[in-house]
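Taking it in order: structure first as structure tokens, then the write-up.
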Amino acid sequence: MNSASLPALLYWLDLFSVAVIAASGALSASRKEMDIGGFALIGVVTGIGGGTVRDLVLGYSPVFWVERPEYLGICLAVSVAVFFLAPYVGQRWKWLLWADAIGLGLYTVVGADKALAMGASGLIAAGTGVITATFGGVIRDVLCAEIPLILRKEIYATAAAAGATVYVLLHAAGIGYIVGLAIAGGLTFGIRAVAIVWSLSLPAYKSRAGRPF
Amino acid sequence: MNSASLPALLYWLDLFSVAVIAASGALSASRKEMDIGGFALIGVVTGIGGGTVRDLVLGYSPVFWVERPEYLGICLAVSVAVFFLAPYVGQRWKWLLWADAIGLGLYTVVGADKALAMGASGLIAAGTGVITATFGGVIRDVLCAEIPLILRKEIYATAAAAGATVYVLLHAAGIGYIVGLAIAGGLTFGIRAVAIVWSLSLPAYKSRAGRPF
Amino acid sequence: MNSASLPALLYWLDLFSVAVIAASGALSASRKEMDIGGFALIGVVTGIGGGTVRDLVLGYSPVFWVERPEYLGICLAVSVAVFFLAPYVGQRWKWLLWADAIGLGLYTVVGADKALAMGASGLIAAGTGVITATFGGVIRDVLCAEIPLILRKEIYATAAAAGATVYVLLHAAGIGYIVGLAIAGGLTFGIRAVAIVWSLSLPAYKSRAGRPF
């Protein structure tokens, strides 16, 4: 790959991850049998919600999608496509889980990298990675009155935290974006994938038996 | 109407729509039998929530009500008034629905127009119109642990999207604010009104029978 | 106390209140039996959520914890500590209530003071005091799918409103931060404490009997 095609690749990867996460939002809307306007709203909020919160706290103004309307456009297009195509797709809950996992991996790295590019410290970059990766889904679940995925005890925020931390360390070691994305994003996705496939969970906090709380 | 009275009219219309939406929040608080502090918090958040999110994503800083405390003041006054007067008002659920519909029409245009005034593209302006119109109510419903109105399958976000799109087109055609507000805001309110009166809904997404999801 | 130690005291008080509120978030996560990643996410969001919303609406950019990573660090440390220690602590629900009450008092004053320092009017400062004090807990409760504390009819937002108003008045009268914090923060905590101990509530809005709504 030559150096000219690299930024283009990153741009398309970024658009792809927004599309995937928007699709997870629209799939969630399909579970609630919303109309096409509801699909579009949930798809957009899910797709750009995490990055919006990231840009707001970092002081990146206006937020990314105001200057690049194609992000809003792709969320709308994906939401409409899901509205018409979802009935023909079986096992949509599984698709939602996997779309969410892919987006988790991509957004974790995108979010951490943007903070580093803006001069934030490593801890903050890891934090904005987790925020970017998890908040779109959190807003989606809250709007759809679902119990947030992060509450379902499967490894979720933990996967994003691990991936974001690894990306920050790779960045500090001078590793470039593409390799860092492949390793840290792949790690995040991998941890989440293992958790989905084997319904794995970290040892959760347990109240002692016989306690009222 | 002469040109000097026009900005004043817009200002009062804006304050009026904030008051109406704050009232819808306070009516929602009355359903939950909150105390007066809860009324004020929900009334304020509902009244200025959508515009706050709009200003944040557009990078309009500080948000509108920080520089114009009267917006906060009117939300508080309306919330307190509803607290004392609501018991004497019958059919409050219907009032809430209609107050919400009026605010939906006004906020859609206000939100789209502010984005255009700040130089955003048409797609973004339509998006911020929908955000401004729907997010106050969404936050209200989330805080009150109600199922968000946008989930109730009646035409809601779709009405705002239609009105915002029409306003952007009118603006591109050189139509002024007042006429655009009357047409696009009226359209949004009209679509919503029809949906309320006839319990109309768009064809919602339907899962096929016999499917677990 | 000499003048050099004063800013240091304020800094430690601020860190302390963030730690206390983060602990209330982690205690909430323990009720939901989340894993350690969930604890950290909820602890962080609760600890810095209110101040983040305050900074966003005031246009303080980037938000406070981006430039001071120790706020994020202390939230993480407290969350991890609660994860391992909470099983050995009895009556955690009570601890959560009291940690929340202490944070309510501190955050109310911190939030109002920051707005005044940035030149906002008294009404806005009182408003941001209430926002800072209540929004972390609101986000915590929404993420944990609990009914928000502000809905539980006990005096909550009202305590913050009273304290914030008193602080603004003391500030206008030329009273310094430490004394203002002691009086207004103590008032907020005191009102909330009375409400907790005697399960006191303000006269809540009551629907008339026999009404469908």
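Which chain is which? They are A, B and C, in the order written, and residues in each are numbered from 1.
One rule holds for everything that comes next: a residue touches a chain if its C-beta (ideal position, glycine included) is under 8 Å from a C-beta of that chain, and two chains touch if they have at least 3 such contacts.
All figures in this text were calculated on a predicted structure; none of them were measured in a lab.
Student: For subunit A versus subunit C, which are copies of one sequence, does the interface use mostly the same residue numbers on each side, meaning over half shared, or is it different?
Tutor: Mostly different residues.
Student: Give me the rotation angle that lays the C-alpha atoms of subunit A onto its copy subunit B, rounded to the nearest 5 degrees.
Tutor: 120
Student: So, what's the distance in Å between the C-alpha centres of subunit C and subunit A?
Tutor: Measuring from centre to centre gives 28 Å for this pair.
Student: If a residue has to touch 2 or more other chains to count, which residues of subunit A qualify?
Tutor: Within subunit A, the residues that touch at least two other chains are 56, 61, 142.
Student: Taking the complex as given, what residues does subunit A use to touch subunit B?
Tutor: 29-41, 44, 52, 56, 61-63, 65-66, 69, 72-73, 83, 86-87, 90-93, 142-145
Student: Mind pulling up the subunit C residues that touch subunit B in the complex?
Tutor: Touch list, subunit C to subunit B: 56-59, 61, 120-121, 123-124, 127, 130, 134, 138, 142, 147-148, 150-151, 153, 155-161, 201-208, 211, 213.
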